[in-house]
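Shared between the two complexes below is chain A, which has chain B as its partner in the first and chain C in the second.
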Partner chain A sequence: MKWRSGLIQEWATSTGNYLWSGWGSLASLCLFMAIWTLTAQGFGPLILPTPLEALSTLARLFQAGEAGPEILITARRALAGFGLSVAVGSLLGLAAGVSLTASMMARPIITVLVGMPPIAWLILALLWFGAGDGTPIFTVFIACFPIIFVGAMQGTRTLDGQLKEVAQMFGLSTWMKLTDVYLPHVVSYLFPAWIAALGMSWKIVVMAELLSTEDGIGAALAVSRSHLDTAASMAWIVALVGTLLAIEYLLLEPLKRKVESWRTL
Partner chain B sequence: MMKKIDAFWRSTVTIWLCPFRPFFLLTASHALLAMGYWLGALVGVLPMPDLPGGAVLWHAHELIFGFAGASIAGFLLTAIIEFTGAPPVHPGTVKILLALWFAGRLAYALSGLLGVIPAALFDLAFLLLLIALIAGPLWRDTSRRHLAFFHALSALTVSHAGFYLALWRQEDAMPWLLLAVSLLMILIIIALSGISMRLVNDVLAAQGGIAAPYLARPPRRNLAIFSIAAYSASEFLLPGNATTGWLALAAAASVFNLLNDWHVGRALLQRWVMIPYLVYWCMALGYATIGFGLLSGGNFNSAGHHLLLVGALGLSILIVMAVAGRMHSGYGLDHRRWLPLAAGLLLSAGVFRAAASLGNAYIPLLHGAATLWLLAWGIYLVYSWKVLSGPRPDGHAGCDEALTNPQT
Partner chain C sequence: MTAGQLRISGLNHRFGYQRVLENIELTVKANEAVAIVGPSGCGKTTLLNLAAGLLTPWEGRIANGFARPAMMFQQPRLLPWKRTLDNIAFGLKAQGVATEQRNAEATRLALKMGLTGEDLDKFPNALSGGMQSRAALARAFVVQPDLLLLDEAFSALDIGLKSELYALLAAERAEHGSAVLMITHDLMEAIRLADRILVMAGTPGRIVAEHSIATPLAERDEAWVFHHTAKFIRWPDIRTAFGLPTP
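Up next is the complex of A and B:
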């Protein structure tokens, strides 16, 4: 029981320290807000509203019940596309990494996929799926897929052969080999790829929505643009970036720390 | 008669053992005198000082440049010598510095009659002489690690000169004093990072079993100094602007960020660690209050600035004088209860004063804050009088430290 309470205390301390270190990021964000305010004051509200105007517009959108559902719709699409590419990309990437032949074959295809601009995929998706959930989800999936695939493949390819032999010599069970030797190494490649892909998925989904759907943050941006409503456009952008920041710093960064501390141990 | 005067002078000889001794005594005395007069004037017992720029400006100026100025002189003349290993300042020079400080106080109090020029000359001469005294050792030090003190003090002198120039031209001199407030906060961060690192590590070592020693990290400190400087420049150039509000929030967040280094477990509860820790809390809350005021359209400037001055500045001067004042007089650290009590009174004074500006009970809270402040410095003076004015217990001369560490 004692070690458990010690563990809980350690976890609470490290979480507290992590959350407290957020003040540094907050300070930088406030400095950014100051520059934004100064610029906005120079250009006027039609060109660039101040952060306070954008935030108050966003608060009004939330109060009117407009912002919540749109954000949820966008989040659903982005996460669906992202989840799909995590599942498919990781599995295929791991598989490709195991065999040298498969990696050789995969490389040019990945180059093609990475080189293809997401907007081109969007046009194809519009033709295939029409105006609905399918188009943004597919575009997100296909844009994130190569990033995750390459991460997974490199993780497997760079496994230390000597470590494998050591594990063999000590007669480690397959399960132990997997969890203690292979997985920590592969995850250290896979995880940054996932984080990069998640950031990308948010940008892609809004672009896809802007051109293909009638709901979601992207569609709301299209509407506010057509009304020349800079404050509302800025409010939606703030909502988008705010959600991304929250996911990044409250979900992924702590997870990454956890994974990395596991690796160093 | 002459014999009596002679005997009195001989009895004061121990005051001049080390430069900080007369200055720390003056700091606490001026805290009592300047605030006592202000409280008397607020209550209506004493006349409001009728001086150029008005009574509020006098109050702010005396506590920023009189009270804090004396403590800075005492601290720097001792600390810079210790940091750089330079020869001690000659007692005669200390007496000149002291005379300039006195003349400055007197001339400002009489500026209704004399005009502001005599006060300006004395006060600026005081700061320039202080800079001249520390500049040599700071520049001769090969590592030049402590030049930040020189820069901060020079900036403080410029803001003081600006203050007098504005006063002479009959313009609003308050922005120059607000500039000085931020410079004092920067000076606190520079000074505390070195002192606190030692105090915290001493406490940790005394408790035993430290995992990692406490380090005041330069990048965090630089971010805080940059944010405060940016806020200060914006407050000066764009008063009341939302940009200034965001920069105040940035300053608050960056000061909170400094506290990352301070969460060292139970050692935090030790007074040597807790009081500097509270200094940063007051500083962060002060800037946050100003920032929220500017962004929400309310005017919380006075509340915020008083948290900075009464809370952060008051507490940091108290802890520095209580620790350095005793250690460099040959005494060990003081474990008696008066220090936490005085710190608690100062903290309450800061909270009361901020609450006075924010709430509805302006007058009683204002008077309460001044009373708490007077109590705190009164206690300090009672318990430190002998330490600062009497002979050292080890019979030595000079500023050498007593060889003791804080105990748990």
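Up next is the complex of A and C:
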């Protein structure tokens, strides 16, 4: 129990420090809000509601018990697809990076996967999985996979040959090679890829929901659009971006700084 | 393969069509220190990498009967994401020694070699070059190697640190009786440390002369080393190998 409370404390302090150092970003956020408000006042609430209107609509949605479950559903789908592509993409990318042949063979396939628009995958997923969780999860997975795969592969390929010789000289087991030599290096390629893929997954999941499901933020957006309810649409968008920011800055960033602490010293 | 002996016979090596080593015959016995000197680019490092098993020979036989070889490279090559202590204990970890025991052993050796407890807690890039070299040497020593391969391990260091590390190497050898195969382009270093010096000449790399030194390590003081080096450098074999004008 002791180490766990220590871990929580460490997380709280490092996250606190990080957020405290974020006054600059807070200032730019305020500037953004000001411009939003000005624009909204110029165009009127039907075209663009002010940030305050959007936030109060969101608060109302929370109070009515509508927002919470929808956000959870969307988050579940996005994270499921993201988690799947993190697991599969990282592993396959590592494996492909170890072998020159595999990485050469993977290159054209990855180019095709990156070039394929998510909307095309979405159409295929609709045909394969129908309406339900399968479609958004698959679309998120297939869109995130190449980003993570390439990150893991590049990381593995760029490991210093001199360190590989050290590993060979000490007769490292495969497991130790992986955990003590490859992974610490690859992680600095993986994290940016994971963060990019996370952002991607949030955009894709809403698109998929908008076109294929009855629930989730995307479906809620479709409903508010059909009611011409701009304030509710804005509220849902704020909820979406807010969850993404929370996951990135409260979870991935502290994790990244912990794992990469050797770089900053 | 004879236990406690490294034997290289009839070794030829090439990179592509380029011949880098030709007909190398070399034996390192237990407890013996062999130095290979030669100009840059004559294939010394390739020979050492072959002896270490990091390269596969193109032709010939390399039989390494030593059980625990360790290698120190020209650069410290510490893992940047591991604290210095974990770097030093790395070889022990690879052998499966338990965490507490390997940390204790690594700490004891590191303190003996002039690192401080504070250094051990730092990441390598926060250490000075000299401290990194000490850590690299400690990492090689901690596994108590019976064969130590040194790839110009001391060439980038200042003379004070060099002589300190020479003394540490001598002490470690006296304690555990490890054999040493070192390559260097520094004649003085070879004369100070080696029992036997092999002279290599380049393109393709081959051994052109051999010179044994009977004086025990402890009796080789600075004056002796200078005197002996001066004598050594007048040898015609050495002069041709390094491309010096022959008188």
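FYI, the second predicted complex is superposed on the first by the 232 of 265 C-alpha atoms of A that agree within 3 Å, B and C clash if a C-alpha of one lies under 4 Å from a C-alpha of the other, contacts with A are read in each partner's own complex, and residues count from 1 in each chain.
The rule is short, and it goes like this: a contact is a pair of C-beta atoms (placed from the backbone, for glycine too) under 8 Å apart; a residue touches a chain by one contact, two chains touch by 3 or more.
All figures in this text were calculated on a predicted structure; none of them were measured in a lab.
Peer 1: Would you check which partner chain A:243 touches, where first means chain B only, second means chain C only, and both and neither mean what they say?
Peer 2: Once the two structures are laid over each other on A, A:243 reaches no partner at all.
Peer 1: Does chain B (first) or chain C (second) touch A:34, or do both, or does neither?
Peer 2: A:34 contacts chain B only, not chain C.
Peer 1: Thinking of the overlay built on chain A, is A:154 touched by chain B (first), by chain C (second), by both, or by neither?
Peer 2: neither
Peer 1: Counting only touches as set out at the top, which of chain B and chain C does A:173 meet: first, second, both, neither?
Peer 2: Only chain C; A:173 stays clear of chain B.
Peer 1: A:23 contacts which: chain B (first), chain C (second), both, neither?
Peer 2: So A:23 only meets chain B here.
Peer 1: Which of the two partners, first being chain B and second being chain C, lies in contact with A:56: first, second, both, or neither?
Peer 2: Neither partner.
Peer 1: For A:14, select first, second, both or neither according to whether it touches chain B, chain C, the two together, or no partner.
Peer 2: A:14: touches no partner chain.
Peer 1: Counting contacts the way the document defines them, which residues of chain A are shared by the two interfaces, the one with chain B and the one with chain C?
Peer 2: Common to the two interfaces on chain A: nothing.
Peer 1: With touch defined as at the start, can you tell me which chain C residues reach chain A in the complex?
Peer 2: The touching residues are 49, 52-54, 69-71, 73, 75, 77, 79-82, 90-91, 93-94, 122-123, 125-126, 143.
Peer 1: Could you pull out which chain A residues touch chain C in their complex?
Peer 2: Residues 162-163, 165-166, 168-173, 176, 180-181, 184-185, 262-263, 265 of chain A touch chain C in their complex.
Peer 1: Enumerate the contact residues on chain B facing chain A in the complex.
Peer 2: 220, 223-224, 227, 230, 234, 241-244, 246-247, 249-251, 253-254, 256-257, 259-260, 263, 291, 295
Peer 1: Mind pulling up the chain A residues that touch chain B in the complex?
Peer 2: The touching residues are 13, 16-17, 20-21, 23-24, 26-28, 30-31, 33-34, 37-38, 41, 50-52.
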